[in-house]
Amino acid sequence: MAYKDEKLNEEKVFKDPVHSYVHVRDRVIWDLIGTREFQRLRRIKQLGTSYLTFHGAEHSRFNHSLGVYEIVRRILENFAHRPNWNQEERLLCLSAALLHDLGHGPFSHSFEKVFNLDHENFTRAIILGDTEVNEILIKVSPDFPQKVADVINKTYKDKLVVSLISSQIDADRMDYLQRDAYFTGVSYGHFDMERILRVMRPYDDQVVVKETGMHAVEDYIMSRYQMYWQVYFHPVTRSAEVILTKILHRAKQLYRENYSFKIEPTPFLSFFNDDVSLEDYIRLDESVVMYYFQMWTEEEDSILSDLAYRFMNRKLFKYIEFNPNSQMSNLMELYQLFKEANLNPEYYLVVDSSSDLPYDFYRPGEEEERLPIHLLLPNGELNELSRQSEIVDAISGKIRTDHKLYFPKDLVEQLPANQKDKIMEILYKQK
Amino acid sequence: MAYKDEKLNEEKVFKDPVHSYVHVRDRVIWDLIGTREFQRLRRIKQLGTSYLTFHGAEHSRFNHSLGVYEIVRRILENFAHRPNWNQEERLLCLSAALLHDLGHGPFSHSFEKVFNLDHENFTRAIILGDTEVNEILIKVSPDFPQKVADVINKTYKDKLVVSLISSQIDADRMDYLQRDAYFTGVSYGHFDMERILRVMRPYDDQVVVKETGMHAVEDYIMSRYQMYWQVYFHPVTRSAEVILTKILHRAKQLYRENYSFKIEPTPFLSFFNDDVSLEDYIRLDESVVMYYFQMWTEEEDSILSDLAYRFMNRKLFKYIEFNPNSQMSNLMELYQLFKEANLNPEYYLVVDSSSDLPYDFYRPGEEEERLPIHLLLPNGELNELSRQSEIVDAISGKIRTDHKLYFPKDLVEQLPANQKDKIMEILYKQK
Amino acid sequence: MAYKDEKLNEEKVFKDPVHSYVHVRDRVIWDLIGTREFQRLRRIKQLGTSYLTFHGAEHSRFNHSLGVYEIVRRILENFAHRPNWNQEERLLCLSAALLHDLGHGPFSHSFEKVFNLDHENFTRAIILGDTEVNEILIKVSPDFPQKVADVINKTYKDKLVVSLISSQIDADRMDYLQRDAYFTGVSYGHFDMERILRVMRPYDDQVVVKETGMHAVEDYIMSRYQMYWQVYFHPVTRSAEVILTKILHRAKQLYRENYSFKIEPTPFLSFFNDDVSLEDYIRLDESVVMYYFQMWTEEEDSILSDLAYRFMNRKLFKYIEFNPNSQMSNLMELYQLFKEANLNPEYYLVVDSSSDLPYDFYRPGEEEERLPIHLLLPNGELNELSRQSEIVDAISGKIRTDHKLYFPKDLVEQLPANQKDKIMEILYKQK
Amino acid sequence: MAYKDEKLNEEKVFKDPVHSYVHVRDRVIWDLIGTREFQRLRRIKQLGTSYLTFHGAEHSRFNHSLGVYEIVRRILENFAHRPNWNQEERLLCLSAALLHDLGHGPFSHSFEKVFNLDHENFTRAIILGDTEVNEILIKVSPDFPQKVADVINKTYKDKLVVSLISSQIDADRMDYLQRDAYFTGVSYGHFDMERILRVMRPYDDQVVVKETGMHAVEDYIMSRYQMYWQVYFHPVTRSAEVILTKILHRAKQLYRENYSFKIEPTPFLSFFNDDVSLEDYIRLDESVVMYYFQMWTEEEDSILSDLAYRFMNRKLFKYIEFNPNSQMSNLMELYQLFKEANLNPEYYLVVDSSSDLPYDFYRPGEEEERLPIHLLLPNGELNELSRQSEIVDAISGKIRTDHKLYFPKDLVEQLPANQKDKIMEILYKQK
């Protein structure tokens, strides 16, 4: 039997707190899960620094990747005998679902920002490069790795396949909303996925949703909205991320200034040099990062050791609301005052902004053009969601942005009275 | 106001997936949570190697410690105005609850076995030693650290206080059963804690349970039984632990043989030398262990690198049932065959045993003498649980033991046919 | 001890699937629950005809009334020591919460429409009249019944007390959203009540919500919106209600025409005569209604027996969307055609409309003037919810209305071809 | 297309709080649900008088019947392509599952006892008699009604089919344990049904369970045990049932003594005369019973009116433990004292016994011979559950019985002091 058609003698199941069970029958999927590159995802947290805000959020990307796979598996079970659906694409969909986050590193967001990386490039590199994952995919067919990479990259020709993994109501989002809600323990994030899966239909180049499921989709959109503002953009989580980013900045900066580290930061060198090999990237997981951060708490450089200590022991920055339109002069003044007080403002005075677009029906020309969600009417025609749902219409297209200014209040409070008072006045009086 | 009586301006809450919220009002508790030693518990998994069986089980001891604190807090809220209860002990109970697992290291079980350690000693050492935790406790009163240590050590004079933290139905067990069930996703582990908390009563030197709550307690005992056999003693989890233990053995062995490691195992040296300082212990968390394990996958020594690779990438040992009474000769024979095949049986042929006593009414003279659970009858008398509950009576005092033999089936299968066949015959034919 | 201060020897608890437990300590509350008038609520379904759409929705108003009581009890536990709160009002709040729905009869909506009744009048009448409830309330103090009635009637002087029971985020709504979601099994209706209760504050003449709880309140508003359209206004439920209303119409009409019923409709007589005594009202529960409906399935009058059969055996009317602006001429034509076909359009052609206002900040001059929800800012000022929440702003003040035309499709299909075709064409072609 | 093979154009779904959704595709099943006899189950509570103990337990047998159908549907989906399974039996299984409780009347237990009825006979009678249900079944094939009756009656030749509906781990039990737990709100009743369904296998004449699912089955058995003692045999529920039984006794007795009822008890006449026709039986639902009970609260006969008042308004009997071995003489004495006090002991002094056998491996020769649960070992052999599970072994075969003595404490307390004291002494001093 061809490798692509091989089934396990006995179905394997993973107990999953969110989907109850994850089912695997395909030999290919089972083998992919066993690879070193996929197992590595166990050592990368799904929500980065969120565990410092929500102590339950310690779950890994391994968790989430299995979940996305399982949702796609269930969708395809429903699609199996439907018109418009080509069952040949099944294994491709499952593989892409499983592997879509393969290139994520530890605290991706910060690493990407500081070292100019893109985790999507690494996903592709792992799939196409000299890896255990590639070895398995290529056994399916010589062009299979490329196909999987194309689906994840949204360039695959069959857009229906792409939309299962990347659209405004894809398996990725449906898994992470529920999973992140489960592990953080927040009461948002509930929606009736079982119903949504039942009303999804393949339709030309996209997955659409039967009109009767509109309210379940509304609920999903609202859930998404709440999770963004309650969990993903939580200001405490962002404080931890600000510090983490500044640690990486500082270490890179020191390295470039030929600072002599007590212990050679070997795993980071290629990052500092802007020349990251695939193998270096794969080796980097959160254990490595946390190990070095712990080492750095004892470095000579007081900024690096302070920031590392803060991160390891959750001594985070405080924050105030910041309006970039009206308060730039305040920021300038603070910058100057911090400098005078020997609190390097590059590291100790940070504006962080988050913004979200809860649902959009069309964003032409943007890098990540979002596909709208279409409802399938009884007469077979489509209707874009926000034209039918008042609630979605009310929030669609509205970008909401939140700016905060982060700083180490404890250090400010230790400054001499005159310095401290001036700074505190600007920080807290202006409001 | 005395430090011990200080309240936070505003109650702090932690969103907790198991107890909904964890509430903190006492300044002392808040400060303890902020210490470096307590924050370190974020980097130690509650269930050790279980995440390799149940992918959801990635939660930390930090999680659990907050949970135990919260349960005790709720119990004491109910006790506040009851006779037999001395409200003066409140802060002591809360502190002991929060800190009871403070001395756990990464994968404690294996470390304790290989390096002859006892995490309880380290809990005491952290509480009494030169630590941030001690600094806070001593501000409550000079003898407060010792009291906290005594409660955790079960030597505190007021046994009622001790029994909140350590008994057959204590806050520790109630938290971990529910928490571990939640994160693994298994359907065991449910019992009506709200009801149990409502029927708990302080009574001389123990916490007892009103008779009307007997069935809730039965349910708790059964839940405990199921969790042990379904989760804690899961054979796959034990396979990972066997490997982990053998990695530590091997590294220690190599060190003692003056093997030259590619990268100096600095954090392990004092462990290898059987002379672990408190500071070394505190620094050791799972990041450090996983970082070194990853390094060791590339060591020269083939046993160390193989075992480390297995652990990091979940290439675990397989197992068969093993009866130590009837199959010792088989084991001897296998030992010999492994040796001949150059599979060092010290590392590649391991018997692991688990045993559990679901409930016991009396175990006099044993190290960890277990207190029975007493029901409080309407007439004010006590009755030991198993005398009243048929279901508990049926299982009480019965030790159940499970022995398994672990080995790397993949390596055996790669042996020359004659060696392989002999080994496989003994392993699989005997059953 | 004064009756109003009497506590039960031992707290009574009711196991509640929604709030886990309902706790009763006050003798007054316990006695009220035991009254004949309160026990009668067990025989009145909370959701009227919804059980014919959602088979789980068989729960009674007894259920819900205990739930509202419990929520108020928890709120007051939090209020106990707050400024702005007069603990003297506690028993009044609890009693009003428990009794607020006391005057509901079976399928209130239909009965009120057909017989021109108002359940709120009956609530007052039961509280103030010669009843077991009144007997208990008056023991608290002579003016206590009137106070309870005033609170329920929203005329009580202390508007803070009123707002616990009747406002846009009161205990009534919080209970029924969750309870109805639980029993129907829908996935809407979840919101973090525990959080909302924690951030509620007494403030002058209203209950306000701390700003930090805004997102939980948003979630509650969205939940409310979804429950209205997914559950309360479900078109199948409305079909059953249309039929029920028409049964009552028909029976009243027949009575007024001196029709001779096979079995005297004694319990309905005072309703038919527009002269309902309190005692007659109290006796009327769903058993009585269902008993008579079953009897009426065998009445001579074909309209009454047909409608009763339909209700008892769920042979409901079908429906189409109906636009009262553009389709009135169609309706007129159908009316004529039904008449010609001997399908009395008074009973067999019914327009039903539902409309909802998800949240409103101000509706001056309207009968049921809704109080807006206010957020309590850190500086102690208030801000109206929709001014701060984009999502609430987006939906506030928008009345949404849904019109449907109901008819017995089965009967139409049995008409002679020419009649049937004309009717069906108007019904289904027009869309 | 043959009626038996007809599928609905579009699958119908019922939202179900326990199983999330109930799915119907077969025209036959859909038509059966629509029958008058099946819709009647909406008016019969699943748990009889339990709603007076657990206010949430207001769900009907309609609910449960859909649930059993759904579980069997899921089992058969798994069986579809298995050896040992004859797919031809599918519709038979589904129909039998749906209809298995069709003959239940209101408060069956009491009615059966007082009027010597057997609901199973009525189930058969409805299936085979002149009913809407029979009309549908006969369209499948002339012998189909008989087959359905045989399956429910456990006399069908294919015992595998029977065991799906009636065995120690059948769809009936799996539904009611979960459903009754859900609606009462108790925390027992949870077990991993999804897992059990996955490991069920058809095997000759029974359904067996793969050994790997043993712990899930243990959990189910324990759940069953707890539900029996915590819910089904709750002493307050039994108090209500005692009263209900005595109401029926009294009414029958009065009728036989030619007592003249204020309102003719028409629906009960054939019951009083021990000659119940099928049509009379079908008409009797809880509305009828409750309607008459309400009427009877105003009857002349003081026993009947008192008991009816008690039932309607939940003024239940109190109870004490009663040991039939040692306390018979007390009972005799009480009997005499009650008589002397004019409290007719036939109605006011009632011993009620409940007993349960949690699991049995074999009960030969008994009326309802229970099939043991068999585990399917990897080698294809079977092993009886209690031989493998220590916990099941511990409780199997043990009949537990509970006797209680019920009486109206309120009436006793109103007796003259000397009578009252004597009675109270015997009741409460003896313990």
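As written, the chains take the letters A, B, C and D, and residue 1 is the first residue of each chain.
In this section, a residue touches a chain if its C-beta (ideal position, glycine included) is under 8 Å from a C-beta of that chain, and two chains touch if they have at least 3 such contacts.
Quick caveat: nothing in here was measured; it's all calculated off a predicted structure.
Compared with chain D, the chain whose C-alpha mean position is the greatest distance off is A. In terms of C-beta pairs in contact, the better-connected of the chain pairs B-C and B-D is B-D. Our note on geometry: chain C versus chain D, Cα centroid distance of 32 Å, whole angstroms. Distance between chain B and chain C, defined via averaged C-alpha coordinates, is recorded as 52 Å. Averaging C-alpha coordinates per chain places the centre of chain B 44 Å away from that of chain D.
The multi-chain contact residues of chain A, meaning those touching 2 or more other chains, are 20, 186, 195. By the touch criterion given at the top, residues 186-188, 190-192, 195, 215-216, 218-219, 222, 225-226, 229-230, 390-391, 394-395, 398, 400 of chain D touch chain B in their complex.
Residue ranges on chain C touching chain B, taken from their complex, read 13, 20-21, 194-195, 198.
On the side of chain A, the complex with chain B involves touching residues 14-18, 20, 34-36, 39, 42-43, 51, 54-56, 58-60, 62-63, 66, 182-186, 283, 285-291, 294, 312-315.
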